[in-house]
Structure formats: structure tokens, C-alpha cells
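Okay, structure first, notes after.
Order as written gives the chain letters A, B and C; numbering starts at 1 within each chain.
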Amino acid sequence: MRLDLVPRTRRAPVLDILSPALAFAAAVVIGGVMVAALGVSPADAFVTYFVAPLSEVWSLQEIALKAAPLALIATGLAFCYRANLWNIGAEGHFVVGGLAGGWVGVATHGAAGFTLWVLPAMLVAGALAGAAYALIPAVLKVRLGVSEILTSLMLVYVAQLLLDYMVRGPLRDPAGYNFPQSVGFDAAARLPYLMEGETLHAGVLIAFLAVALAAVVLAHTLFGFEVRVVGASPRAARFAGFSDARLTLSVFAISGGAAGLAGIVEVAGKIGQLQPEISPGYGFTAIIVAFLGRLSPPGILVAALVIALTTIGGEGAQIDLKLPLDLTRAFQGLLLGLVLGADVFARYHVRLVPGGPSGRPAS
Amino acid sequence: MEAVRSLSAPVPRAKAGPTPLFGAYGIVKRFGSFTANDGVDLEIRAGEIHALLGENGAGKSTLMKILYGLLEPTEGVVTHKGDIVQLPNPEAARQLGIGMVFQHFSLCENLTVAENIALVMPKDLSGRALADRIARLGIDYGLHLEPDRPVWSLSAGERQRIEIVRCLLQDPKLVILDEPTSVLTPGEAEALFTVLERLRQEGRALLYISHRLDEVRRLCVRATILRAGKVVGTCNPREETARSLAAMMVGNAVRAVTPQEGATLGKERLRLDRLALPAPGLHATALRDVSLSVAGGEILGIAGIAGNGQAELFAALSGETRAPDREAVRLDGAPVGALGINARRRLGAGFVPEERNGHAAAPLMSLSENALLSRHPTAPLTRFGLIRPGAARDLARRVIEAFDVRKAGPDPAAGTLSGGNLQKFVVGREILAEPGVLVINQPTWGVDAAAAAHIRQAVIDLAARGAAILVISQDLDELFEIAGSIAVLHDGTLSAAVPSAETTREAVGLLMGGSSDAAPAPAP
Amino acid sequence: MTLDIVQMVLVTVLAAATPLILAGIGELVAERSGVLNLGVEGMMIFGAAVSFAVAMQTGSTVLGALGGAGAGLLLAALFGILTVGLAANQVASGLSLTILGLGLSGLVGANYVGIKRDPAPHLAIPGLTDLPGIGHLVFGQDGFVYAAVALVAAVSWFLWRTRAGLMLRAIGDDHVATHALGLKVRRVRFLSVLFGGACAGLGGAYLALAYTPFWSPGMTAGRGWIALALVVFASWRPLRVAAGALLFGGATVLQLHAQAAGLGLPGQFLSALPYLATILALVLLSLGQRQGGSLAPAALGRVFTPSR
């Protein structure tokens, strides 16, 4: 038995949608087996994971609130991955963005008078800080040829430790009984709620608009064309006069900015203050979302909602069925693997050739 | 491993004479919908150098890979001394005594010479013993090698020696050589011919794949000619003329190119002044004080063997590599050495690189996107940074019509086009911009004869409209056909240009091999 | 007396270095064959969880270690099928492996959180182990440490002294050329990936069975990533991986001591040091690239799809 892969000369749009859908179905089946192995009825688990969260207003809001940062970060990452740049440090950019924006919130705490500028300033500070932090691995790559994979990841740990230091030190609430957290933000430093008495805040709108903007940029602008060409044919991109260095810096800044914005949206929206931990691993989960969404903004939006659904469903399963949260993580890892594996069918004609590895067809 | 097996199926009989050492009968090889070999028969006898002739894309490499066990034929059989043999992998081919000298050397750059050879040797031969045998063979055949040198530090000629030594160490009965002289200087080629003749006298069979007719006529007494995957004839090349062989190779599709007549040259449009660039990478060539000048209406041909600085010269002309001295490159008098490719395009220059797939065009992108690729600086294809897809499609359509590009579907991916059609597209894309200066690297490499004639004619017509054209080509016939003057690039140094009417292929060939003469000698 | 303190420090350094050596050597072999597996962290932690579970169930440290190696191997097989068999992107596949490994380890280890086990037994040779100054360092280690040392030597020997090792390096250098010569590119790469997975799993097992010795979620704490960086840092040489691991082990120990001593620096800064040091090492490495040839396996991370 031998596996032959013949590259497709053109992509089939049907397979582009079908292959991740099949991967998702396969992951659900395997997940069901795992659930059964843990002694829970797969049918119950399916309902808890994928149906129950869709049936209540509060959990629908939670899904949107989880999907928003995931979609925002993943869209930024898509720019990098489209250009074959392996930025895996979005978690760090998220943290730095939250920290920088939150700092503005802390610094303006108790300010009187005109405060309408505070929230926009926080958002801008978060995005800029995320972009600047993302530029560190980009500059190292462009200037010195250092692989961005490891540097971007190492900087995640550094960012987390920096946040930890800041909320335990300079930014700690002096009246907070030594708890490692900042003061609670003023109303002017919080994202407004979309509906009275509910949890959905304006951050969801920001994320949606950003993803829509990214979709337009990627598909309809010369810059988006540049990103796509550099990823698909780097040499042709140079022939088109597109500069590798400039593009590397641009896409890292975009992805860092998007992750930073997601960070401050999370801090100014859901959390309302700075804490040692502001992310449940959004920056890493977003990598799954980016690939699950096939690196296209509309796909990413769908993928973010699916992943958010499984996360909320996982929390429900932990409470209702005593299924561990790690199951959700394993499911997500498995899902990414299957999506990547299924991608082979979209990119190649796959043929299983009979006979041994060194066989020839029966004549 | 049981490589030889008698089957109950009837063994194809030799067509004439004694049983050949190796035979291939009814070979068909399909890649998807493309048929690379279509019912090919080939017989090779001991003690002969058998030529396999054909244009690029005729199916020579496919056939040779089947004989070496690298590809399995869709249909057909290979025989050894009349028995059908299985060639599931190169290991089996080697055990049958088939050796191969690859055109694109199968060498690992970061391994040493000895390591590269040890890779295909029997298990027990390694270390000191192997080094000894390499040394002995080197003395024996005049193939000197330093076993401990890493391959990346070696010249093309030295690399080929590794391939040959690696092949000879296995005492092969059949040696397949794929375009062995394509990267060699004439001197290196001479040395190779001596070795080949010696191998023939030792009673080995050699399959010599080439499209260089003079070499084939010199070395071989039997030739099989392939065209579009089919055998179109077998002959003794010494009894044929170069013209009749060429006719067999390319068929009757050759359209004559109308040459430039009494071209009146305008003012200088492209100029290089002592352009010097360090080698950009390990395997690249440094450019040394390259100077040239092309006037409006002129076609200057740059001859040379691959790897002598052509790619670097093209990059320096296009702006993909910036020159350290901005005055070293001039377009219509303006110093552009420091400008990028798009700035040079806006000054009226157009460029066609050697590699179609992945350099001149992005294979997975549509033709209209590929129109955008090089024309976005000069054509109104964007507005406020937004792409105008209609305008890009329209431009692609105009190129397709003007250059008779055959394609499937309304706006297919560039990679789905055949080599000749994609080349017509990328050349047409630039010519339709009516550039004042056009630089083309290998305009018709691997392109069928009809498309090649179309492209050459378009280039000549563009010059007639007053453009300055620089053609870099390894194909001397092409240069003598279209270029008004010719200069030779050797090891990063460019000779002075001489009118092509006043020199000969021999004189140019000598320079390509690095002869110390300053300019191609005038014809006697 | 001071000699014994030096020895004590060296023993702790070696202990901190051992998981990095094990995982790093495995990844080195995979990368030498041309495959970049970013899933080391996932394979390591899954190995840690499985090894602890197996050891608790069977009561055998040896079986636990084997279980850990097997767990790493299993994940590596998934990765191999994806990247070598199905030509999937190696970076993304490696990340999926990390996430999957973290999740699976949590599932496997759920019932063992907070349970402590006796550490893997140390060698004790009367007379030798008690030698002052070097006895414990040389003759008093556990099996993992000796295995790590043996692995470094064995991989060095294999890669540069055997024909199979030569083939592996050749395939990592140029898969097109070696395929044309008839070498089994995909088979060799798959086996190399499996070896890397087993080594990473063993490294995880060391953490759970000897170093701590208990299971806690996320206990690898980024060591898999450090091991990846070490391979680059060591320019794909086994002995340098060992040296780099010792350097890192030393830095970790130093950081713990400095924290205890209260140097006045914030603890977070000291904790960040290994990561900053990794970045610095990568920068220095690319500054010092030699001229000509390439240090990295030339085909590293590139997808190979043969056609026949």
C-alpha cells in the first residue's frame, strides 16, 4: 500500500468547505469515544457540548463574548500565516495589549471632567502595545534572520511575567488589601453593554467590524494581494516589487495589534480591572481558530463561534456531567490535527496505490 | 531481492539484430491527464552510446526515470537481456547494473563528497576503503575528487565528477546521462567525452540524453528521437544533418521568424557601467564590472552557460537586487541603480524572468491576478489601494488574445497552463505595456517550437517599434536568430558585444567556456 | 566540604538538564531528518502523565518510563501521519500536537493529582558512590540520567558513524536528491519522528517519576519549547545539545538560588531569564552563522510529496 499525493493545480471551493466540516465530524465521533471511555453517555455529552449552550440567552452571550477575542486574534494571525510567517506569540500580544490599555484605565482612575476619550485611548494603547510587542520577533527576523517561531513564543512567557509583576507591584490597588489586582476601572474606562441587564458588551461589535475590515483588505486591496502572493509564491512577490521585510513587519504589527486590541477589549469589557491572569489561553486557541477557518476572515468567524461553543459547552459538561475541562482542550487539539489532515484532500489528488511500498500496478 | 523474474507473458522481441542489453517496450506514462510517454520503444546494446534526442518536454527525462526505477510506467515493460524485469526502485535498477548521472545533480550540498558517494554504495563499503576506491578510480579515469570537501564548495564540473564516480563505483552495465554537458564549460565537456568513449570501449552501454545535436553526432551512431512523448524515428545521427535531426525533433511546426531588417538604432536606452555585485549567496555568481549599452531598436543577446551570472545580472537589471552604485544602471539616461523593480517599471522597463512558475507568475493564482502581479505599478488596476478586478480581467484577456494563449476556463490558475502558453502569457503581459526597455531571461526555455517562434517574433516587433531589448539565453541558435549583437557572460564577467553577423557560434562557444579573448573573434 | 557543595550543585544542575537533554536529542534526530516537530511540549507532558499513571498502576518505575516513552511515540505517530504521510504543515501540526498532548495529559493524570511517589531509585555502589566530591555525581544518579548520557553518545555515533545515520542526514539535507537516489525519504522521516516522540515522552517521564516526583497539570512548564530552542542553539549537534541543556539547567538552579537569597530583583524578572536567554542565544547564533553551507538541515520544515 502506498499513498500518492498529486498536487491539484486549482483549488476546488467545495472541498475547501467540505474538508474542515468532515474533520469536525470526525473529531466529534472520536470525542464521543473518549467521552464513553470516561463513562458518560456520548449522546448526553453531545447535547451538553453542542446543543445546550445554544438554547439559553446567557450562554449565547457567553459564546459571543468568547468568540470575539478568538476571531479578532485569529484574523490577525491569518495575515501572518498567509504570508508563511509563524507567529505563535499572540497570547503575549494579548497580554501586553491588555496591560497597556489597562494601565491607561488605572492612570485615569478617578479623573473628573471630560472622560469620553479614556476608552478610545485604552483601545488605541492596547492595539499599539500589542503591535509593538509583536514587532520584536519581526525585527529580529528581518534584521538578523532569527526564526520567529521560538522568539514569538518565548516572549509570551515574558509578557505573562511582566503582567504578573505589574499587578503585584506598580499597578496594584493600594486599597486592595494586598490582593494582586488593580483598581476597578471607572465607568468611562469600561466598554458599554449592548443591552440593559445583560453581559454582551461593545467589544463584540469591535471584533466583528475588525474581522469584516480584514476580509475586505485581504480580498480586495493591493496589500491583501501582497500578503497572498508572498505566501503562495515568495519569489513572484519580489518580482511584483513587494518587499519581504516590509511585509513581515506589517503582518506582525497587524496580528499584534489585533491581539492587543482583543486583550484590552477583554480587560475593559469582561474583567474591568487588571489581574495576574487575563487570558484563558485565547492566543493559543486562536491558532486553532485560524486554521479551522482556513485563514479566511469569514471562515474564522464561523470557526471562532464553533470553538467558543465547545468551550462554553465544556464548562457546562464539567458542571453537569463531571467531564474534565481538559477534554475540551484535547478535542480542540484533535480538531486542529484533523483539519490539517483533511486539508490534504483539498490540496492534492490522493491515491492509495495497491501493492507493497515498492510495488507496481498489476498488469 | 528478486529483481529479475521470468513471466509467462511473451517477451517483446528485439526488432532487429541481437537481443539488446536493455529494452523498453510500449512505455506509457501519464501524469493525471498529461501523457509524458506514449508507447515508447527503446533498445540499447552493449558497447554503444545511444542518443535520446528531443526538445524540452518531449518525454526524455520521464523515460530515463522509468529506466532508473524512479517512476513506474502506466503501461509497458523494461527488459534486460530479453527478460522482463521489475524496476520498483533505483536500488533494483542499480542491482541490474543501471547507473545514472543526473542533470540536476542528486547531491546533498552539506555532505562531503565521500558521504554523497557512500549513500548509494553497498553496506560494507565505507570509510577508508571507499576513499581508496574513489582515489583509484580518479587516477584511472582522470576524475580527480577530494573526498572530504563539502559539496557546496564545488564547481558544477566537480559535482558532475562525483555523479560519474558514484555511478562507476558500481561497475554499471548501462550508464544514463541526462543532459550532461548543460552545465559544463567546453573544456570540461571534452574531458567528459573522453571518459564516455573509454566506458563504451569497456563494453558498457550508455544512454546519452541531449538536445545538442553536434555532441550527439560526434558521440553516437544510434539515436532515438522523441517528440511529444512518442518515438518519431531511430537513425544514425552521423548520417543526418543537424537540420534533418532538428526537423525530426521539432516537427514541421516551426514558423520562420522574420528577422530585423536594416534596423535603425535610436539613442541609448539601457546602460550598465562597471556594475559590480558580490555573490548574493553560496551558489551564486558575483558580477564583475559588467558594462553594456542597448539602444532603441536594438536586441542585445547575452550568451553563456547556466550559472555564470545570468540570474544575478537579471536581478540587477530588474531591481530585485539594488546596485551599490546608483549610476551603475541607467534607464533612458536616468540613474536607477538604487530603485526597486516597480520604480523601474514606471520608467518604462519591463522584465521577464527565467522561471515561469513561481517567479514570473504565481501558479496557484488566476491569470487576472497574475496580470496584476507585474502590472500594478503601470496599469490602472487599482484605485485608492483597492483592486479593480474588472480591469485586471480585461488586461489578462487582452494578453490572451494578442498572444493566442490557450487555456481552460474563463480565468484559470496560471499553473494550469502548459509551459508554452504560460510563457506566452508572461511575455505578452510585459510587451502589451509597450516597454521602452525589455529584459528577458531565457525567453523560450522549454517552450514548444510554435510558441517559441511567436515569442521571438513579438520581441523582434517590439524592437522595431523602438524598444531596447536585452535577451539572456543559453540557446545560441535563438540568439543568432534574433539578436543584432551578442556578448558572452562567463563567471560574472561580460565580454564586449559584437554584431552577430560578424561572429560565429564557435567563437561565441569558446568565450562561453572562458577563453581569455576579450571579444568574440570576427568570423574568418 | 566545599567540594561536596560543588557536587551538590552539579547534581541539581544535571537533574535540571536531563529532561532537556532527553527531549532535545529526540527532536534533534527528527530535525536532522528534515522534520520540525513543534509538539515536543505536548509529547513531553503526555509522557509525564502516562508514565506516572502506569507507574502507579504497576508499581514499576521502569514500566512507567516505558509507558511515558510509548505515550510520546503515540503522539509522534499522529504527527508523522499528518506531516510525513499527508504532507500537512509541520508548524501547525506541531501546535495541534501540543494542545492535544496538554489536554490528554490532564485526562490521564486527573486521578493522580497530589499523589507523591518514591523517586526513581538512584545507583548506589558501596565505595564508589560515597567517594567524596564526585561519587554522587558519577555513581549516584538514577537510570534516566544515565540513559540521557548514553543517548547523547549513541545518537552522535549513529549520525556520524553509521550508514543509516548518513542516510538520515542526507534526507534532511535534500529530499529531492535522496529520493532520486532511491532512499526511503518518508519512511526514514517517520521513524525519526517516532524516535523524537519516544525521547520527549521519556523526558516527561523523568519529570514525573524522578525529578518532582509527582504529577501536576502543566508540570513541563515550557521545557519542551526550551528543548526545541536548544536544538537550534546547538546547531543540530548532540554534544552541544547536552552542553546547552547543562547551561540551562545551571541557569534554572541559579535562578532558584538567587530568588531564595533575595537579590532585590523582582522574582518575575528572574523567572523570565531563561526565556530571554533563549532569545539571546538565537540572536547570537544567527549573528555567528558561518559562511557557506548551512548549519540547519537544509530541508527542515519543507513538505515532501514524491510522485511516481
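To be clear about the criterion, contacts are C-beta pairs under 8 Å (C-beta built on N, C-alpha and C of every residue); 3 or more make two chains touch, one makes a residue touch a chain.
Everything numeric in this text was worked out from a predicted model, so none of it was measured.
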Chains sharing the largest count of C-beta contacts are A-C
Farthest chain from chain A by C-alpha centroid distance is chain B
Chain-centre distance (mean CA atoms) for chain B and chain C, in whole Å, is 45
Whole-angstrom distance, CA centroid of chain A to CA centroid of chain C, is 28
Expressed in whole Å, how far the mean CA point of chain A lies from that of chain B is 46
Multi-partner residues in chain B (2 or more other chains touched) are 31, 72, 89
In chain C, the residues touching two or more other chains are 307-308
In chain A, the residues touching two or more other chains are 6
Chain C residues touching chain A in their complex are 38, 42, 78, 81-82, 85-89, 91-93, 95-107, 110, 184, 187, 217, 222, 225, 228-229, 232, 266, 268-269, 271-272, 275-276, 278-279, 282-283, 285-287, 289, 305-308
As the complex stands, chain A meets chain B at residues 6, 9-11, 220-223, 225, 228-229, 232-233, 235-241, 243, 349, 358-361, 363
Within the complex, chain C is touched by chain A residues 2-7, 34, 38, 81, 86, 88, 140, 144-147, 149-151, 153-155, 157-158, 161-162, 164-165, 169, 284, 287-288, 291, 324-334, 336-337, 340-341, 343-344, 347-348, 353, 357
In the complex, chain B touches chain A at residues 31-32, 72, 74-75, 86, 88-89, 92, 318-320, 340-342, 345, 351, 353, 355, 358-365, 369, 372-374, 376-377, 382, 385-387, 412-413, 415-416
The answer for chain C against chain B in the complex is residues 163, 166-167, 169-170, 173-174, 176-178, 180-183, 292-294, 297-298, 307-308
